[in-house]
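Below is the structure I would like to discuss, written out as C-alpha cells.
Order as written gives the chain letters A, B, C and D; numbering starts at 1 within each chain.
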Amino acid sequence: MELSTPLILVNLKTYTESLGERAVKLAKIAAGVSKETGVCIGLVPQFTDIHRVASSTEVPLFAQHIDPVQPGRGTSAILAEAVIEAGAIGTLLNHSERQIRLVDLEASLVRATEVGLKTCICSNNQAVSSAAAALGPDFIAVEPPELIGTGIPVSKTKPEVVTATVETIRKINPKVIPLCGAGISTGEDVAAALQLGTYGVLLASGVTKAKDPEKVLMDMATHAAK
Amino acid sequence: MELSTPLILVNLKTYTESLGERAVKLAKIAAGVSKETGVCIGLVPQFTDIHRVASSTEVPLFAQHIDPVQPGRGTSAILAEAVIEAGAIGTLLNHSERQIRLVDLEASLVRATEVGLKTCICSNNQAVSSAAAALGPDFIAVEPPELIGTGIPVSKTKPEVVTATVETIRKINPKVIPLCGAGISTGEDVAAALQLGTYGVLLASGVTKAKDPEKVLMDMATHAAK
Amino acid sequence: MELSTPLILVNLKTYTESLGERAVKLAKIAAGVSKETGVCIGLVPQFTDIHRVASSTEVPLFAQHIDPVQPGRGTSAILAEAVIEAGAIGTLLNHSERQIRLVDLEASLVRATEVGLKTCICSNNQAVSSAAAALGPDFIAVEPPELIGTGIPVSKTKPEVVTATVETIRKINPKVIPLCGAGISTGEDVAAALQLGTYGVLLASGVTKAKDPEKVLMDMATHAAK
Amino acid sequence: MELSTPLILVNLKTYTESLGERAVKLAKIAAGVSKETGVCIGLVPQFTDIHRVASSTEVPLFAQHIDPVQPGRGTSAILAEAVIEAGAIGTLLNHSERQIRLVDLEASLVRATEVGLKTCICSNNQAVSSAAAALGPDFIAVEPPELIGTGIPVSKTKPEVVTATVETIRKINPKVIPLCGAGISTGEDVAAALQLGTYGVLLASGVTKAKDPEKVLMDMATHAAK
C-alpha cells in the first residue's frame, strides 16, 4: 500500500462501471498489474466504496475529496478521520469537478496532514498550479478542464502547459510531485507525460470505461516502467 | 429493514464516537432495541460507513445527503445509485448543516425516486416546510437551527413551531410525514414530539454522544411505543 | 413607477449592450413605450447601474438578486436596504443563473418584505414553482433553463409547462402572479404567454441584444395591451 | 484618483452607516483628509454605491468583489467591466466574508487585469498568503478572521502573523504589496502595521462606525504620513 512513482492514479468518479463490487474487481486488476510491473497504481473510489475496496485489496486508495471540518457537526461533510478509517491513504483536493475555496483548500491540507493523508491538488492551469504549490501538497495534478474525459491527452496536445507547470511547481516548491491529468488513455500518453517531467498520471474514463481495463492498465504500467 | 412510524432516526453526523466500527456497534444496539420494542430505529451514518454498517446489521440506513447528479462525471458527488448500492434505503436532504439550492433539492428528490430511496427533507421553519411539502418528499423533519445540538427540545421549547409546521405540511401535501428534530435527548422529548402531531424524531448527539446509547434509545423507543 | 400587469420585465444581465449609460438609454426607451401603450415595462439592471438608471427615469427597477443578510458584515453581499436606497422597487430571486439555497430564498423573501421590495422568484419547472408558490412571493417567472437565451419561446414550444405551472401556482397560492420567461423575443411570444394564463414576461437578450430595442418593446407592449 | 502607499483602504461592507448618501459624505471626508495629509485613502463601497460616490468625489474606489464572468449571461454576477464603468479602479477579492474558489480567484485576477482593475486579495493566514502571492495580485491584505470587527489590531496582537506573511509574500513574489487588516481602529494601529513591513491597512468598522470618522481618518493618515 506504499505510494511510489511513477504513479498511475485512477479516479473512479461516479461511474457505475466502477461502482460497488465493480470497484473491488477493478482494484484487484490494478493490484495484479502493479505486482507484475512494479508500477504503483492507486484508485480513487467513491466514498461509499472506500472501505469495501480497502477490505478486499492492498491497492493504495485516495478519497475524491475531504472537507476541512473537525469531527462533530457537519452532516454530510467528508471527515479526514472517516476517510482514513475507511482505508484510504490520501485524497484528491480541488478536482475540476469539485473546485473549492482557497481558504478551504489550505485548511483541508492541514486536516489531511493532521490525520496522515497524502494530498493531491488538482489544478487547471499554470497559475493555479503555482498557488497550489505554495500550499505544499504531496502531488499536483494539472488537468486543463477542456480536455477531461475527451481522450485527447494533455501530454500530447498541450505539452507546453505541462512543462510550464512542472517548471513552476519546481520553482515554488521542489518537494511537490507533479502529475499529469486530462485525456490520458494509453501507455503512450503515460510515457509522454513522464517525458515532460511529471511523475505519473491522474486519469479516469480511460480505464473505468475501457472494454478491457486490465489491458489498458498493463499498457500504461509497462510504458511507465521503462 | 422496513421503515415504519413512529420513527427514531439517528444522525451520526461526523462524530468520531459513531465512526467506523463504532457505527456498526451502535447499529447493533439500535437493532436490538428496535426488535424488543417494535419501534423503528434508523441510522444516518457517514458515507464511508454505510456499506460497513449495512453489511453487519438489518437497521434501516439513510445517507446524510445525495447530489442531483447522473452517473459519470461529478468527482466527489454523492450518487444516488452509490448510496443504494452501499445499502441505504433513504437519504436526508437539506440538513441544516448542508443546506442546498431549491433547484438541487427538487432534482435530488427526482433522483432519489428514480433509484428508490426514501427522502427526508430537513427544514428550519414553517415557511421552508411548506415549500418542502410542495416538493413531496416522504418525510420532513423540522429543526429550528438554534436548538440543534443543544439538548433543548423543540417539542418542549417551541411546540407552536412544530404544530404550525405539522398543520402546514398537512395542508400542502397530506402524504408527507412530519418528523421533529433539534434538541431531542430523552424519551419524554420523543413523547412530546409525537403528541404534537409528528410521527417521529430526527436526532444526533442525544444518542451518539450519550454515555449509554442503549439506555437512551430504549427510553425513547419505549415512550414512542406507548 | 407603479407595477401593473401585464408586465414586461427586461433582465439586463451582464450584457455590455445594456451597461452604464446604455442602461439609462434603454430605460428611457422603455419609459416612452410604456407611456404610449400603458403597459408596464420594468428593467433589471446590474447592481452598479441601479442608482444611475433610477436617477434618470421613472421606469420600475428590479435588482437581479439580494442576499438574506442583515446590515453590517457581509462584504460583497447585496443588501436589501442598499437596493431600495439605489432606487429599485423589487428583486429577482433564484434566477437560473443565480440559483440559491431554499433556506436563503425564504430568508431573502423575509428581508425583501421587511424593506418593501417586490419579489419575483425564477423557477425552472412545475415542481420548483410549487415550492416557490408556497413561499408567497409577488411573482413567479417560470423559465425552462434549456430555452434561456435561445429565442425559442417557452410559450410556444412548451405551452404545457407554462399552463401546468400557472395551475400549480394558483392551487398553492392564488395571490402569486405567474410570469413566463425563456426565449421570449417578439410580441407574438408575449401574446402567447398571456393566453396561457400568465400576467407578463421576463426576458433578456430579446430586448438587450436587439438591433432596435424600441421596436421590439413596442411590438411586445402592443401585443400585451390587447 | 491615483493609488499610492501608504494606503488606507476603508471597506464600507454592508453598513447602513455608510450606505448611499452617507457613502458619498464619507468619501468627501476621506478626500479632504487625503488632500491635507498626502496619504492615499481609498473606499470600498457597496456595488450599488460605486457610481454614486465616484460621481461626487475623486477618492479611489475599490469594489468589494468581482466575479470571473465574461459579459453576457450571469444574472447577478459582478462584471469587471461594470465595476470599471461605475468608477472603481480596483477590487477586493476573497474577503473573509466572501471567500472564493482558488480557480475563480485566479480567473478573477485575469479578468481584473483585462479591464485594468487593481486587485487586493484578502488572506486569513500565512499559507493562504503564499498561495495568493503566487497568483500575483497588486496587494494582499492579511486579516486573521477571528480579529475582524473586534477592534483588536492584528498589528499589535499577532505581529508575528503579519511579519511572517510579509516575509512570505516577499519571497514568493516581491512585486506584491502587503497590507494589514483586522482590528485596525487608531492611528497607532496603522503605525504598528507599517512598522511590521506592510504598506497600508484595510479596515472597516473602525472608520464606518466611528462617531467622528474624520477624526479617526486624520489620526490614521497622520500616523501613516510619518
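Keep in mind that, in the parts below, a contact is a pair of C-beta atoms (placed from the backbone, for glycine too) under 8 Å apart; a residue touches a chain by one contact, two chains touch by 3 or more.
Keep in mind the model is a prediction, meaning the values are calculated, not measured.
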{"item": "Chain labels contacting chain A and also chain D", "value": "none"}
{"item": "Chain located farthest away, centre of chain A as origin (C-alpha)", "value": "C"}
{"item": "Computed distance of Cα centres, chain C from chain B, in Å", "value": "37"}
{"item": "Separation of mean Cα positions, chain D and chain B [Å, integer]", "value": "44"}
{"item": "Euclidean distance of C-alpha centroids - chain C vs chain D, Å", "value": "34"}
{"item": "Multi-chain contact residues (two or more partners), chain A", "value": "96"}
{"item": "In contact (per the touch rule at the top): chain pairs", "value": "A-B, A-D, B-C, C-D"}
{"item": "Complex interface listing, chain B residues touching chain C", "value": "94, 96, 99-106, 109, 124-125, 127-128, 130-136, 172"}
{"item": "Partner chain D, residues of chain C touching it in the complex", "value": "11, 13-16, 19-20, 44, 46-52, 64-65, 69, 71-79, 81-83, 85-86, 92, 95-98, 148-149, 204"}
